[in-house]
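So, here come the structures, one by one.
There are two complexes below, and they share chain A, which is joined by chain B in the first and by chain C in the second.
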Partner chain A sequence: MRHFRSLLKKDIRLLVSGKFFLMSLGCLILYTLYVNFGYLRFVNAQLYNVYLYDPVGTQAAVSELMQRVSSAEELDMALREDTNGVGIDAGTGTVRILMYEGTEHADRHRADYALSLLRPAEHGAAETIGSNTPEQKARKEITCELLFFEITAVGFLGMASVLFKEKSMGIIRVHAILPLQKNLFVLSKLVIFLLSDLLFAVLLSSLNAGLPDTIALLPAILLQTTFLSLIMALAGLICSLLLKDFRQFTLAYLVLAVFVATPVFLSANTAVKLDWIRFHPFYHLYMGLKHAYFQTSTPGPSYCLGCAAAIASLFAAVQVLFLREMRKEI
Partner chain B sequence: MKGLHYQLKSVLHDKFCLMSFLLPLVVAAALNTVGMMDFSSLGELHFGILEHDLPGQTITWLEQYGPVTAYPTQKDLEDAIKEPSTNLIGVKADGKAIRTILSGDELDLFRQTADTLPALYEQRELSRQAEICVLERPDVMAKFHEMFLVVTLIVAMFMGCTFNAMNMISEKEDGVALINEILPMTARQYALQKLAIGFVLGCLSAIFTAAICFRLPPVKAALLLALIVLSSFVSALIGLLIGRISDTLMVGVIYIKLVLLVFMAVPILSFLVGIRNPLVQSICYFVPSQATFEGIMDLANGGTATAIRDGVILAGHCAGWFLLYLLLSKRKRMHASLT
Partner chain C sequence: MIEVKDLTFSYGKDRQALHGLNFAVGDGEIFGFLGPNGSGKSTTQKILTGILKGHGGTVSLFGSDIRAAHTREFFQKIGVLFEFPYLYANLSVLDNLRYFASFYPQDQLRDAEELLDELEFKPDFLKKPVSSYSKGMRQRASMARALISNPKLLFLDEPTSGLDPAGAVLFRQIIENERKKGTTVFLTTHNMLDADLLCDRVAFLSNGTLVALDTPGNLKEQNRNHSIVIEYLYQGKRAEQTIAAPELRAGIPFAYDEIIRIHSQEPTLEDIFLRYTGRRLS
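Up next is the complex of A and B:
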């Protein structure tokens, strides 16, 4: 235990000197600013505006959602500015609908919707069965994405930078001749990265997803963060043990960031569903985290067992590689 | 000249630099050949219904507005509605009418559509009494496609900073920087050689990318070339600064990523949000890539006036960054002579 404590202390010092914690704090501040002052403003899609040109007043009772314009030119101008809008030209006696082309289905809906505003009817509100408001949804979604990105990309990079530094300082060589259990070396790193990721998850969620929501969701989020953090830290260790130097590692990181993360984000957050995505392991990890934020489903035993098995096999692989590395060093 | 030859040799041995050089080319080729993914389904309405709940003609009526998916049980339907990544509108029979179900976290467009859908259904017989005139508009996606191409080009240009920064940092790490100090080479020669490397490779990468992406008449191609040359020079200068201030590869990589992120994010955001405020617009121009982006977009859309103005702004950037570099090296020299 004493050995483990001193290893922990050494790793913490290394991370502090490598400015890892400072970088995490910087990321936290940057993300929080982005979510609160940037992202939420972009997410908005209004229903199509409907503009009515009716100089002789043929349309008596129109909905208050309709915007009246005074001339045909003004109608053209309004549509050119707002290409999703629909114009109704009642100037010639008959009703004519003007709009810029969209998709086939959407066009039909826009036309029928615009016409329905000429005959205002009582309409109720749709039944609501979910518990999130649009803002809550946007906040949870972006927080989930940022947390996933931070752990997969930045945690991965951080682990590698520490290991390469230790390699260059000769710590692995020193460790090979120390009378310590060999897995303590890996364990102490995992513990630090896990704790820092958990702390990051707590802070990021409570600052961005709303404190009252976060308290209820925290156990589920922390469970998913634990899985993800351990898997990524071990993957980072494997890559940095296999690759020669940090430069090669950054290439692996680039591949991971571009080719691994993009399809996952695309499938998980938009209606674009790729058929092969269920074979992508990161998709399941991401969905696990997303389910935790939205409480849409609890992780089943097969998912938990799968994660545990992945962690165990990655750990075994790290052990083998680490012993090989030590033998090489002696 | 001989020094430059050695510098180029050492950069070309570096896989990271080679990859940085090829990445924009690969992305541009992919964007050009594969084309854009079909995102048109994103703005569409999607409906979810229960099996054996709605009559056939109602389903046909719904299908004219968007795809309809039938779910076997109430729970499946509710789960699909609650699924946060989609904006599915649930539709159920309500006597002769219909009623709609939402999860409540949808954007306004989907909420209002769901609210008004039952009224639309009631009026379905009356609907088609108007003449519908659909005006053609340029493909909305084409605009985004163009944006992606220009951003790829910007990445290619500003990759220039990667070459000399990585080269300088790895020299520091390997100790070559110390050897350089005793070689008969002045600090100015060293800086010029490194600048030339970032500039030449950044330029080449951008020119190849531009050749893949754009087909322009000669005058505009010349303007594009001018923009590329100026931007590559700015990025080479920035690379020189990064190489100077970062001591380890890790720190260097972080700086480069930050610079690339800012250089990509500012033009993309200002393009998507459509900034009108002149003050914010001029603040955006403090990031060199903004001028490049606006200029190339203008050229791609057939104009030249903005491109010329942006060329002048970029020339200003070149001068500004160069002065900053000179100032910093003068300071360092003074600092060194004091100690």
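Up next is the complex of A and C:
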């Protein structure tokens, strides 16, 4: 236990000197400001502006979101300036929809949206399901995405930066001849990153998804954070033990971020459906976290066993690479 | 203390690094292990320190086979000074020593400040980060790390590298003091002066094979060519002649006005190494 305490203390000092905790705090503040002052305003904003030219007043019961213009020239000018906007020309008595061409699906949506504002009474409110208000839903969605990003990106890079620092100092070799159980060296790093990620998850969720909701969701969120944090920290250790320097690591990380994370976000958050995504382990981890925030399903035993097996295999691989690193000539 | 019989090791199928080494190191002995780069010195030291596994032959330390000796107790008894001063650059020397000392039993440890004082470490730098130290100070800090646990067996790899002449003399004195305490020292070096001044016995390693093993004195004696060079003045001219040592018994066998210098032709360890291996150390 004394050995483990020494390792923990040393790793914390390394992280403090590398400004890791400061960076995490900075991320927390930045994300919170973005959610509360940027994202929520953005999701509440109108998708498209709709302009109505109706000189004789044939359209009486239009939505308040509709913007009236006084002439055909003004309607033309508005659409030139706002190329995503939709114009409705009711000057001849019949309704004519005008807009710059976009994509086929989006154009249909724009036209339908403009007509729904023209005759709001005909478009009855849809029956909503689930207990989340739109704001709660938006908050949980973005908090889930930010937490996933933070753990996969910042935690992963943070772990690698610590290990690269120790590698460059040659200090790993010294641990080979210390009367120390060698796996404690890796274990202490995992514990620190896990605790740091768990604390980050609690703070980020409390500040952005709301405290009462967070208290109810916390056990599920923390379980998913634990899985993701350990897997990413171990993946970071493997990459930093395999690759020569931090520059190579950042290039590998770019590949990971672009080719691994992009399909996950696309499949999970948009209408894009990729058949093969079910074979992507990060998709399941992301969906696990999303389910935790929305309480849509609880993780089954096969999912938990899969995560535990992945963690155990990665840990074994790290041990092998770590022992190889200790034997290296520096 | 150390007993090595038919030690072999290979990196992969076709890279045999050690070809059946045999040697023994007694308690309290300073044993020099000399060889050029790539001769197998580091591989041997890694096997002896328990870092490298998978060797052939038998290696026993402290009376037990090394395969069974990789326990916490084994690592508590050894100290290793690596060729480069591996320390946490963001921590001070004191914090480094406290950290490394924390893995050893409390009653085995030396006082860090006393040890650094013995190594003539500049007191102003005790609390400054290692990143601000000179090469010599890092080497002192590294030596303190190797000695803090009072090891019974000390592995030293190029201990005087990076030190000025006064520092090298101090380190030799400290190694001598360790021997007086009963510590066994396994010294790996390119520095022939260190080997000559410190070692009870030296082993020459070349291409994974031991080519010579004896005391520095015996090696010199066996390789002496028994000739003497005399530098003298005769009729206003400076001259030099080489004669066989027994010839000197009957006096100087040539005419001279004044003897300037007489040199016995004792070979250096470097010369002997070259003779055995056909290669220079550095």
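Operating definition for what follows: the second predicted complex is superposed on the first by the 242 of 330 C-alpha atoms of A that agree within 3 Å, B and C clash if a C-alpha of one lies under 4 Å from a C-alpha of the other, contacts with A are read in each partner's own complex, and residues count from 1 in each chain.
The definition used in the following text is that a contact is a pair of C-beta atoms (placed from the backbone, for glycine too) under 8 Å apart; a residue touches a chain by one contact, two chains touch by 3 or more.
Note that the structure is predicted; figures quoted are calculated from it, not measured.
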First, second, both or neither for A:T103, with chain B first and chain C second: first
Superposed model, chain A: greater residue contact from chain B or chain C: B
A:P219 touches, of chain B and chain C: first, second, both or neither? neither
First (chain B), second (chain C), both or neither touched by A:R13: second
Chain B versus chain C as contact partner of A:I171, first or second or both or neither: second
First (chain B), second (chain C), both or neither touched by A:S131: first
Partner chain in contact with A:T250 - chain B first, chain C second, else both or neither: first
First (chain B), second (chain C), both or neither touched by A:P55: neither
Doubly contacted chain A residues - partners chain C and chain B: none
Residues of chain B defined as touching chain A within the complex: 14-16, 19, 23, 37, 39-46, 64-67, 78-79, 81-87, 89-90, 99-109, 111-120, 122-123, 126-127, 129-137, 140, 166, 170, 249-251, 253-254, 269, 272-273
Sites on chain A touched by chain C in the complex: 2-3, 5-6, 9-10, 13-14, 17, 169-171, 173-174, 176-181, 326-327, 329-330
For the chain C and chain A complex, residues of the former touching the latter: 42, 46, 49-52, 72-76, 78, 80, 82, 84, 86-91, 95, 99-100, 102-104, 145
Complex contacts: residues of chain A adjacent to chain B: 18-19, 23, 38, 42-48, 79, 83, 88, 94-103, 105-109, 111-113, 115-116, 119, 121-134, 136-137, 140-141, 157, 161, 246-248, 250-251, 254, 268-272, 290, 294, 296-297
